[in-house]
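Each of the next two complexes has subunit A plus one other chain: subunit B in the first, subunit C in the second.
Showing the complex of A and B:
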């Protein structure tokens, strides 16, 4: 290979990753500023807290990213989290030694099934994902409220302590690393990831290349549902009760994280390296807002504004 | 059946709704040949090739590959049988890299489906060397030129190692030098024992590269000929059923006392630098150059579609200030854009709606559209431009390329322009439609409309233009009068030697 081509190669790889590099620069500045303003911010305890609180949103945002790579959008992820949370707590037998096994398996299955329903409606009826997932979001959310009108219930103590990393095994960190590596391999290094990006980039091209668009979409939605339920189970272990509305903010936040992390709404572009940084940025913003006692109502406003800001940047970048 | 025959099709018919696209067409091709499918637009060439590639399936007829009957349900199935096609609408994922696109869905991988990047790079490097193609494998496709994207597409086909390679109008978007490069690759493929089927509208190309030509006309087979037995006249007669002595109309009287249009020291960003020229009454002015030397930017700049333009524009001697496309339209500047499907037409809407689109304000009843006026306007345009369609209510997507292009022109004529800018006016349309189009242009100039044509087809530039302005790196590198024009003189200016 000659020098010119090598140079173009490097140039292009840099260009492809500029957004993610800027994002990490921003994250670094945020961490430094927070550390200066509040010395406690960089304490082991706070960092541990940050990882614990970022993990659920990180996992859901991976799901959202995969859907966005296909050029679709999933607005039901938050409701899936709510439904899985309710199912998990309902089936939980807190007093039995392995009283969480059935609940865990059923909860994961329910989340995956929700994803399958989305995928089925979108591929078989050829409906746009925005409309389908808004509709199913109401269905899933409604079912959750029907099953559990008021927050309550209990979570198996040992299970919860293990998931939160309080039994000597650093489960949250392990889960984060496993998710990170798996999603990276899946979306950026595997044939599945290429196919997902192809579907998001040019469906005619995907078709003539022999990619089954329906199969890829169905698989991706199931995967998104599975990831949402994984996130829900972690969240439930943290809260130790059921609350049908617990997932509500996750839909918008997963979009924000994905977009902040450089995922394009138009498909094909994005990666988990951006999503993990995006998750930290969003959680640090929330963390700071909590530290300076901003009311949770304003937090919603700020979350919305951050999403608009991120979209504005990504649209500007496109030009 | 000849022993060399690889593909044999018998009595292939295909209908789209009530329209016959192919009627009992027989077609066969051999191992190791370059075979052109020629014919006017709407003759059924693309349909025939798409049936071979598995994108469409025939209603009737049989297809034999290596003597065995086959039926393809999808392009993928045809690929498995060694048939691959480069479609006119390129099938690349814009945001992925060259190498990701090329190996899409056939990536070398380990048992966990993780792509083996080393193998990808090695295979690609080998292939590029074999066919003498130079591309950066990590370049994102959307940053490449059309010619480079086409090379990517060709590599994507080659890596699947097909026996039959189908190219649907591969040269329509290429400049002269790029066509040479493509032909070099096509000849290499042929040397490797492959069969190439392709569509071209340029007669010179057919004679320079093909072994045989199959001519279709009105959905039927006219015949298959050995290229060496043909000449231009015979081929044109076979395609249009009559002889076209000249497809270009006679030039008008030019009145250099009357300047219809002029630009002075016109610049667009860093793409067009300090260009000045004028268009006289009765004149067609061409703008030529190699791809990407500012021709399109110059046109779009005049039509106020680009920001960062500097310079003066005059229409009939009066200065015009156009900062937005609306200003330009109001001043009487109309543009027929390069890609009629994405920039010119609303494909799902009717011929009438498309024609009316640019001049809606002219036919208003206070708040509402005057539908009667709109219909009569559409009828008039259809007649004036002889647009062939089953009626003004037909969706534009059902028209042939040439007629679609006429609709774009008709739409622009609705604003009664004083200057008409054409960007590649006859790309992908057949000879007869071209000829009609040129005649319309001539008629417009005699009515006092100034015409500026950007074209990469030098034959066209020489044939239709009274003067040609050649751009090199955004600057005027030569202005050639009719009698100075030749492919050679234009190319000399285009490479900056003018």
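Showing the complex of A and C:
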């Protein structure tokens, strides 16, 4: 009897997470094929590289996922990254022992504030998120360019080395795990997550059950802004300088990763377990094709194909 | 159905990966190669064979495509000589974060030499430092690494000075107008550093000639259609008062030629760049009195970077900036460079043969 219940549970779980299961199957195949094609792929150095390049996109894709769960979309995440990068470097005092503290706090605050602005405009003016975030994306991007028209500046050496895991402590892995667990608890195990999904499923129904849609949206956008700034700080520690355009590719990439990871554009469906797999898929595609020396044109073609494939699965599931 | 889709995707990924892996030729053993003269006898190589790479950030225009083709072509020749065993070309499509991981991937592959043109000169410096720590020779060209801490972060750098373009154009225009006349400016892109430097070079010259008056200017983004629109607007405002056009791009100059022709205006001297389309337009409008000067940063600057990297790998001292002289098409050598049978997009200062060019731009 117990066994039957267990089997039914597993079946249910599999049905519910078909997309994520297929995605991990695909990831597994990719890892095996890549390992066979190039022995360097599974080297410690390369796995370390993969974590370093996946982490910023993973964190910002978590932000995108939360917004997508509400049935909204955030097209300003890339610009928030650019602005936070600029602010972070401008306030950095590389020659003082703790010259990164103020910069870190202000940078996180600026990102959260950007998210708040998005949320405020969307809830108070009741404008569609696409329009608002396109507009704010221009504003944030413009501010970043205004503050820092020419790339440059410096990042605190010790801080950067620590964040990149070069001081003996595997900070990137720790950050990845903390983000993973926190976002999992927030979106799949908390009332906040349930409310976010309810808003994405049916706003009217959510409203009638007493959920304050405005408050949920505002919180979610602030959280997205915070995550974008976290991603920007990690990215900045890699670059060790400011460049207002550094976030440009992250808006589209975060959407790709979230969707490949099984987040539905229609809202409510998705989870961080998918997003982390999605970020590794996208990064492994670029990584292995570089390692086996395939023209970069194919990298974009294959990324596109993976996205179409992921969307195809999502639409199948809905039917 | 899902399973079928998955299978299709997996097969597709596997087949692309396998086909491309199979496409790589291994250079075999070259230990008994001995010393080989390379680059037309410019220097000899006794070490290696080297694994080399081009870390590029964009193939967004024909010059950049040709620059990559020059690099690949040179690598193929070096491979045949047994000097290079393998080469990699990465492209980040303007994405800074991707170029950083591209360079990391090249470090993983244990390349010996990287020629790099950066999406962001500042942002790439740290990862290039890591490559240098691994003993990789890194030469930046075109879009250089940027740092101001007084330390050296690259093996060498090479490329043209953008200011030189502006200076050559301005001096030529002043000469054409005998130091006196009204001109219009077709600028590149607002805020683009290359464009600013080109204008800075020209401004230095123009300020010595008070007789040269600037009637107006516009930003045509180095684009034919936008250049034409800007020229039309300036013609509408100033008409036959325009004595000359200082343009910072060949395609924009082509647009200006069109605009002048459509308005039935007499041709005036206009500056240009050495791409085949511009030179063809020059020849076609010669009898209407059109004349120009067309400098160019040769697209084989990528090969120049490779050359410096290889010299460094051979133990030669190449540190510092290696100015790469601009080449110039003038009224005297125009017929020698224009290729009526080749596509417009081709840049005339090249190491590629006509057949290679035709193949590159027919794709």
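Following the convention adopted for this analysis, the second predicted complex is superposed on the first by the 283 of 319 C-alpha atoms of A that agree within 3 Å, B and C clash if a C-alpha of one lies under 4 Å from a C-alpha of the other, contacts with A are read in each partner's own complex, and residues count from 1 in each chain.
Simple rule for what comes next: contacts are C-beta pairs under 8 Å (C-beta built on N, C-alpha and C of every residue); 3 or more make two chains touch, one makes a residue touch a chain.
These figures come from a predicted structure and were not determined experimentally.
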Once the shared chain is lined up, is A:207 touching subunit B (first), subunit C (second), both, or neither of them? first
Mind telling me which of the two, subunit B or subunit C, contacts the most residues of subunit A? C
Using the touch definition from the top, say if A:125 reaches subunit B (first), subunit C (second), both or neither. neither
Let me test your reading of the model: by the given contact rule, A:191 touches which partner, first (subunit B), second (subunit C), both or neither? first
Taking the superposition on A as described, I'd like to know which of subunit B and subunit C A:264 touches: first, second, both or neither. first
Quick one: in the complex, what on subunit B touches subunit A? 55, 74-76, 79, 85, 87, 89-97, 100, 104-105, 107, 109, 112-115, 125, 134-140, 143
Within the complex, which stretch of subunit C touches subunit A? 1-2, 5-6, 8-10, 12-14, 16-18, 20-21, 24, 86-98, 100-102, 104-109, 120-127, 146, 148-149, 191, 193
Subunit A residues touching subunit C in their complex are 18, 22, 25-26, 29-30, 33-34, 37-38, 40, 43, 45-46, 49, 52-53, 56-57, 145, 149-154, 160, 235, 238-243, 245-246, 248-250, 283, 286-298, 300, 302, 305-306, 309, 312-313, 316
Once bound in the complex, which stretches of subunit A touch subunit B? 1-2, 5, 8-10, 12-13, 15-16, 185, 189-192, 194-195, 197-198, 201-202, 204-211, 264, 267-269
